[in-house]
Structure formats: C-alpha cells, structure tokens
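Structure incoming, see below.
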Amino acid sequence: MEGQLYRRLPPEDSGELRLQPQGSEEAKTFVHAFLKRSMPKMKDEAIQEMLTRKAVVLEHYPKKKTKQKRKKTKGFTAKQRRELRLFEIEPEQQRYAIFLPLHELWKQYIRDLCHGLKPDAQPHMIQGKLLKADLHGAIVTVTKSKCPSYVGITGIILQEFKHVFKIITKEDKLKVVPKLNNVFSLELDGFISYIYGSKFLLRASERSAKKFKLKGTIDL
Amino acid sequence: MQGGGAALSSPCPRPCTLPIGYNGGRASPIGRARRPPVPRAAAAMVRFKNRYVLCEVVSEDPRCRKCIEDRALGLAVRDAIARVHGDYGLACCSISFTVKYLNAYTGTVLLRCRKDSYRLLCSALPFVRYLESRAQRYPCFLNTLHVGGTIRTCQKFLIQYNRTQLLRLLQNCTNEEERQCIQKSLLSCSLTEEQSQSGDEEEDDGTETD
Amino acid sequence: MLPAQLGRAPRHLLVCERSHARHPRSRHAAHVRDHAYSCRVSFLIPECGVLPEVVKSTIADIGDYYLVRSLPVHELVTHEFIDAFVKKGSCYALSYKTKIDQDNTAALLPNGKLILSVDKGTYEELGLQGRPSRYSGKKVMRYIITIDLTDAGFQPESKKHNRVLWALKEKKPLEFDFLLAWYNTGAEGSTLMSYFSKNQIQALKPKITFSTLRDLQCPVLQSNDLQGKPEESCSTEELFEWLGAVLNQVSLDNKSSSFLSTYCCPEPNTVVEKAFLCTITGFIIPEKIIQLLEQLCSYFSEPKLAYWLTLTVHGFADSPVSWRESEHGFHKGGENLYNFVIFRNLDYWLQMAVGAHDDCPP
Amino acid sequence: MAAAAFERRVLRRAAEHHYLRVRLELPDGGARPNAAQFKQLVVTALRELHGEVGAALPVDVLTYEEKTLSAILRVISSGLVKLWSALTLLGFYQNRRCAFRVLQVKPCGAGWLPPDVSSGSKLGRLPKPTAFS
C-alpha cells in the first residue's frame, strides 16, 4: 500500500499533468525547505519530530463557533440598591401635595381601564379590573386590622412591595403599612372596593399574572 | 379445656439471642423492618389503644354451646350495653367493638373495644342473660376472666388459667382413665407454657385485671 | 367525647369569709363597693313579721335608675358628660339586653373606666387598643377595651381623646340601650334625666316585693364555725343551698323518700313561725346596698328573736366585670353573687360565688 | 368582739348539686303532664340516652308549674352533663313532639334568678352540653 502511495508517478501521467517528475530525495529536500520557509521559528529537530510523530487527522472539522456571550444588562444588586437608597423618598419630597397629581393620573387610568366607570357598571367587572390594576397613586384607607393602631390611616399609595404599602397621609407622614392582616378600602367615583391584604401578598408585577380565586369568607 | 390453649397458641416470638457477629448481616435488616420509620405526619398521632376483654360463657344448658357464635354473642353484648348505658354508652362502645376470638367448645370469648370505653363494656357484661340463636334463647351468663391491652397478654393469661383449671380437675379425678387423660393434656399444654415463660420479662405492659 | 368527661361539671368557685361587721379591718364594705352591677337584692329576716321603719325607709330610698334607648357610646366619652357626672360622684352604666357571649357589651365603672367587651370583627374595625379576653380559647374571638375617662392624658382635644371619639363616632358607631345610675354626695347638679333628655330616657323604679313565709324550716348556724358540725350547726354550703330553695319558693317539707324531690332542709334545723322576705329588683348601686347592710346590722341593736339574717345580692349575668375590673363571662350560667349572713353579735359570713368564666373574688 | 377572727375558705367545684331551670315545650292542646309525669319524662329521657345507669341518677324536681311547664331540677354535679344532654335529645312525650329548653344552669343553690331579671333575657339562649360538643 505504502509502496503504491510513494511510487513515482508514471511518466505518461506526469507528462499529462505537466509535472516535473521528482526523485524521493528531491521531494524530501523540498518538503524541508518548504517547512523551513513557512515556519521560520521552528527548529529543524522540532520539524523533524512533527513529521515523524505527529498524526494529522485528515478530516474536516468545523470550527467551533465561540458563543457570543451576551452581556446581561446588569442592574444593581439588592445591596447596591439599598446603599443607593433608590426606592426611598427623600424627606423633602414627602409631601402629600406633590403626589396629588399622581392620584389624578391614577384616577384617569382607572377610568380608562373600566371604560369610563359608569355608575351602572357591574361591580365584579370593576373588581376584576382593579385586581390587576396598578395601585400606585390610589387613595386607600385601612378599615380593618388586627393591630388597632393601623386602623384609620388614609393616604396615597406611593409604592407597593410584596408585603407592604408605602402610604403618604394628608399630614405629610410616610407610613409603611403591612398587607398582612389588614383590610384596605379604596373609593373611586362612588365605588368602594375592599382589598383583603392577606390575600394580596404579591408584587405589583406578579399580581397582574396571578389568578385570584373566589372565596366565601375571608378572615383576617 | 386443652383445646382452648392449643387453638390460641401461636409461634412464640422468642427474643433473638444469636451472636451479632455471625448473623448481624441478616438480623439487622429484619430489626429495621420491624420498627418502621415514623412518618412525619403520624409522629404527632398516637395509635388507637384498645382493650381486650376475655370472658367465658357459662351455661347450664348444653345446647347453648352450639349457639355461641360471633353474631349472637355480639348482639347479646350490644343489647346489654344499650340497656345499661343507653344510646350514648352503646355508641361509645361500638367504636371498634368486635368479637375478636370465640371458641364454642370451651366457651371462651375475646371482645375488643376502645380503651376509653372498656369500663362501660365491662360493667354491662354481667347483664347479658341469654344468647339467642335461630329464635331460641338459652339462658347463660358471661364470666369476665381478664382485661388486657393486647391479645398476647390475654392469650398468656388464658394458658395460665387453663392450666390451673386442669390441675383442679386433676385433683377431682375419680378413675385412672380420666387421670391419664388429663395428665396427657397437661403435658401437651406445658410446652406452650414453657414458651410463654421465656417471654416473661416483657409481660403485662397493658394488662389490667378487674 | 370520652365517658370520663361526662362527670365533669363546669368550674365554679365559692369563697366564704367570716369576720365582724364592726371590726376596723373588715372588708365587707369594700367587697360590696367593688361589685358594681347588681340586679337583685333580697334579704330574709327570720322571726320578723313587720319590717322596722328604718329599713323600710332605706328600701324606699333605693332610688331610681334610668334606661336610655339606643345611646351612642361616644356620648359617654364627651367631656360634658365626664365633667358633669363621672368626676362628680359615682356613675354607673351598663348596656341592657346585650349578651356577653355573643354581643358587644359596654359598662362604665364608678372609677371612670369604660369597659367595652367586643367581638373580633368589631375590634378589628374599631381601631382602639385592647387585650384579648381571658376566656375566649385558643383563637381569640373577644377583646376587652378599657378606656380610663379620668386619666390625665384624656383631656379634651388630646390625641387620645380624639382617637377614641373618632373611633366611636365615625369609625364604628356603637349604640346600646344603657342602664344608668348616678350617685353623688354633694349638691345636685344637672341630672341624668335632663342631660339625656334628647335621647329616649325613662326613669325606672326598682321593683320591691315583700312576703312573709310561715312555718319556715331554718338551719341552725354557728357564727364562728364556717364548716359546721354534724348535729350542731350547718355549714355555709348547706345554708347557701337552702337559701336558694327559699328564694325560689321550693317546698322544704319534702320527705327524702318522695318521688319528685329528695331535697329537705339541712340538719339541724328549727321551725320559724314567720320569716320576712323582701326582694328588690332593678339596677341597684353598691352605695345603696351598703346603706341597707348598715340598717340590717342595726336591726340587732335591739334584742330580737332571730339569731341571724341574710342579704343576698345577685350581679348581672351579662356584665363584663364581676368584682373590680376582673373579667366576667357567661359560660353556662354567668352567676356572680354574694350573700351576707349577719349574726346577732354582728359577726358576719360573706359568701361570694362565681361561675366558670370569672376570676376568684377578691 | 374578741371572737371576730377573720377566716376565708375558697371552695373550688365544691357544689354538690347543680340546678337547672328548664321549660318543656309541647304542641298546643293535649294533655299536660303533672309533676309526677314530668319527673317520669325526665327519667325516660335519661334512660333513653344513658340507659339504666342514667335512669338511676338522682334528679329532684324542686318546683314544677303545670301552667307554664317550667321546672327547677336539681342533680348531683357529676350527673349534670348526663342530665343536660338527655334533656336536649328528648324528642317525644306520649308520641307527641316535645322539646326541653334549658334556661339556666347554676352550680349553687342561691344562684338562680327568675328568668326575667338579669340583663339579657336568658330565654332562648341554649348552650350546648359539653358531652356532645
């Protein structure tokens, strides 16, 4: 097999291909010279080594595409957020009057959401909309609570977290009211809805996806 | 008399004394299997504790023996409870009440009820006056022998009891043939007796004698 | 469900005390004063046909009480009311026909404490700080709110006062029918009648009934022996039971072999030719009961045939307090009562009985 | 004066007897039981629920008014729950429907009041006996 491979080309073939027939010695020197030329940094011994030892797989292998690691739009960690006080409202900003426009906006938003909020609208339809609605800017009152000192707090919701509402009262006080064990009432154009906080322990974004189930009675 | 002991006798769980080095590989999985891991939900629960009342049916009429059966006896006892303790008592006793074992030949009966209400049951047993079977009544009464927490303690007591009965019979023997017969049954009974003695160190955990 | 529980009766307490009415450290007046709400007073004098004039005038003087229909509770918290009544005497108020185990109940004690016993829903809505009831089990269904009207922080326009007013007026307007009584020693100012004239108020007179019992079997008592000795004297418990039978006109001549009843008068006993029984029913304030007690003590200042007499006072079963401010519940009876036995030498026995949902009497 | 020593005794669950004020409700018309029949009815109720043992419970009918069908019963404290439950579960008197209303339960003799006196009217308030709660 090998003999066949390294055989000289027959003269008729070489004539046809217009190749100069070469002797084996010539070929060897050519290869050496070629290698030397193309890899000038390598030493002779190394080249020799490669020639005798190295097995070259004569196979096409595709070049692995290096996956472009898409850089995640990295936000802040919770720690950084805390340090930066991103979600805190500065004391000079804690004024009820500042947030009244937000409340107006919210009212407009709810009216749009409930198709104008006509007085003859179905209450459960409005409730269904309100359940999924954003509550930032709503005026709420704590009507029932296991802890009596929360009862009666009224104000605009500034932020909604998983477990608490941040509410600014008319006295320009920022109150943090837990949702658990509290019932909030929400009044809009004569419609009064009650929010049972214990069943509302979700972030605003998660709430829009959550399916609420009907329950007969809800105990605090 | 001997029949009662033999019928109740079971292969005695002799305490394992095999050397652990030799048989440990086999013994340990058995030991583990005997004590199943307590499920977390059931950890707070307690098993229902029962009381087993061992009594014998005493009757003058020999025909009574053939009507000692589960249903007739259960009905008679229930009837007595209903009479003595009313609907409330009957309802209390009916929880897990069964006739657990019954030997028509010797008249031995084992009743089971909940631990809470065994006093109601025991107090009603003397009021059983007859057994009724196929529209026929045979006057009889129940003699309470033993109240135990497990069937095992009742069985042990019954063997012991029957042995003393046999001994008493032996004393009252008149002819040689009878004596021979009783001695033979005494001997056959003593085998189970020996077994039950080997388990003596763990006896009477739930026994209550009234 | 266990048969063992069939034999258990609900908890109850009977406290017996023995002392002397003129003893400087005797606490009988304090006990009477601490028991604010009494609905029935009855006394029994053996060997007495006609009531002495002094006692009769005391009974007549027991005074009116008032019933105000649907009075909002916040009226009791206003400063006009506090200044006119609470601070100028002893003012008693108790919600009428409210059941302590199912309704909201309110009571105003003479020391100026307003006590609201409210259910869970009302408490959560009301927004006033309270404490869970002692007898409501693992899941608290009843709360007790105590408001001290005479507290220094309870000035008009103070934060505390405003909060209470807001809660009772706007948040959750509570309304009750109130029984009212007012006792003051000084000059008569405005009266309850004129103060609540815009509400539906009516003055009520205590109902007084007299009766003379003939040939009554009375137990023999020894003033220095509470337990009693067989063949010599009866114990306090026996007396207490006998008294109940007398007050309810149970015939005492039953034979022990009778089919209907085996109750008979405790031994030893004497037959008294006639005994005087008087019962006063109404909203009776402790000050009047103390007066009555004093009159009954002075009954023995002249030699009398009777060896002892009794004065029994029943408290309202549905009042939120029994003695002082200790909580009271109804559970299977709601009794809170006390009974004086006054002996000829002015020794007295005091028996105080409470039911299952009560503290031990002081 | 010298004998005026102070003494105090606290008795817990000491009452030997309990008292029940009950009213029997019968449909209009028909015979009303007299005192003996009333007692018999109470015993029947006890026998139905608690058997002969219950029927042997000493129950005294202290007062009985045939007109209003109301009575005061006295029972030893250990039998209170039995009596109460038996009365509650009684349904028939001489094949006519009937019901017992337990109006008041008192542990001490002097404890009871006429039902119209105390602040809330006790009529119709029917606490359940513990044995079945």
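Quick notes
Note that the chains are named A, B, C and D in the order they appear, and that numbering of residues resets to 1 at the start of each chain.
As a convention for this text, a residue touches a chain if its C-beta (ideal position, glycine included) is under 8 Å from a C-beta of that chain, and two chains touch if they have at least 3 such contacts.
Protein names from UniProt, one per chain: A = Ribonuclease P protein subunit p29; B = Ribonuclease P/MRP protein subunit POP5; C = Ribonuclease P/MRP subunit p40; D = Ribonuclease P/MRP subunit p14.
Here the structure is a predicted model, which means the values were calculated and not measured.
Distance from per-chain Cα centroids to the pooled protein Cα centroid is smallest for D. The chain with its Cα centre farthest from the Cα centre of chain C is A. Mean C-alpha position of chain B lies 60 Å from that of chain C. Averaging C-alpha coordinates per chain places the centre of chain B 43 Å away from that of chain D. The distance from the centre of chain C to the centre of chain D, each centre being the mean of the chain's C-alpha atoms, comes to 24 Å. Chain A and chain D have centres, each the mean of its CA atoms, that are 73 Å apart.
In chain D, the positions touching at least two other chains are 131.
Shown for chain B are the residues in touch with two or more other chains, namely 88-89. Looking at chain C, one finds that residues 1, 6 touch two or more other chains.
Of all residues in chain C, those touching chain D in their complex are 1, 5-20, 22-23, 25-26, 39-40, 94-100, 103, 179, 223-224, 226-227, 236-237, 240-245, 247-251, 259-263, 281, 312, 314, 316-319, 331-335, 337, 339, 345, 347, 353, 355, 360. Partner chain A is touched in their complex by these residues of chain C: 121, 123-130, 166-167, 171. Those residues of chain D that touch chain B in the complex are listed here as 46-54, 85, 131. By the touch criterion stated above, chain B contacts chain D in their complex at residues 81-89, 123. Here chain A touches chain C in the complex through residues 143-146, 148-152, 183, 220, going by the rule given at the top.
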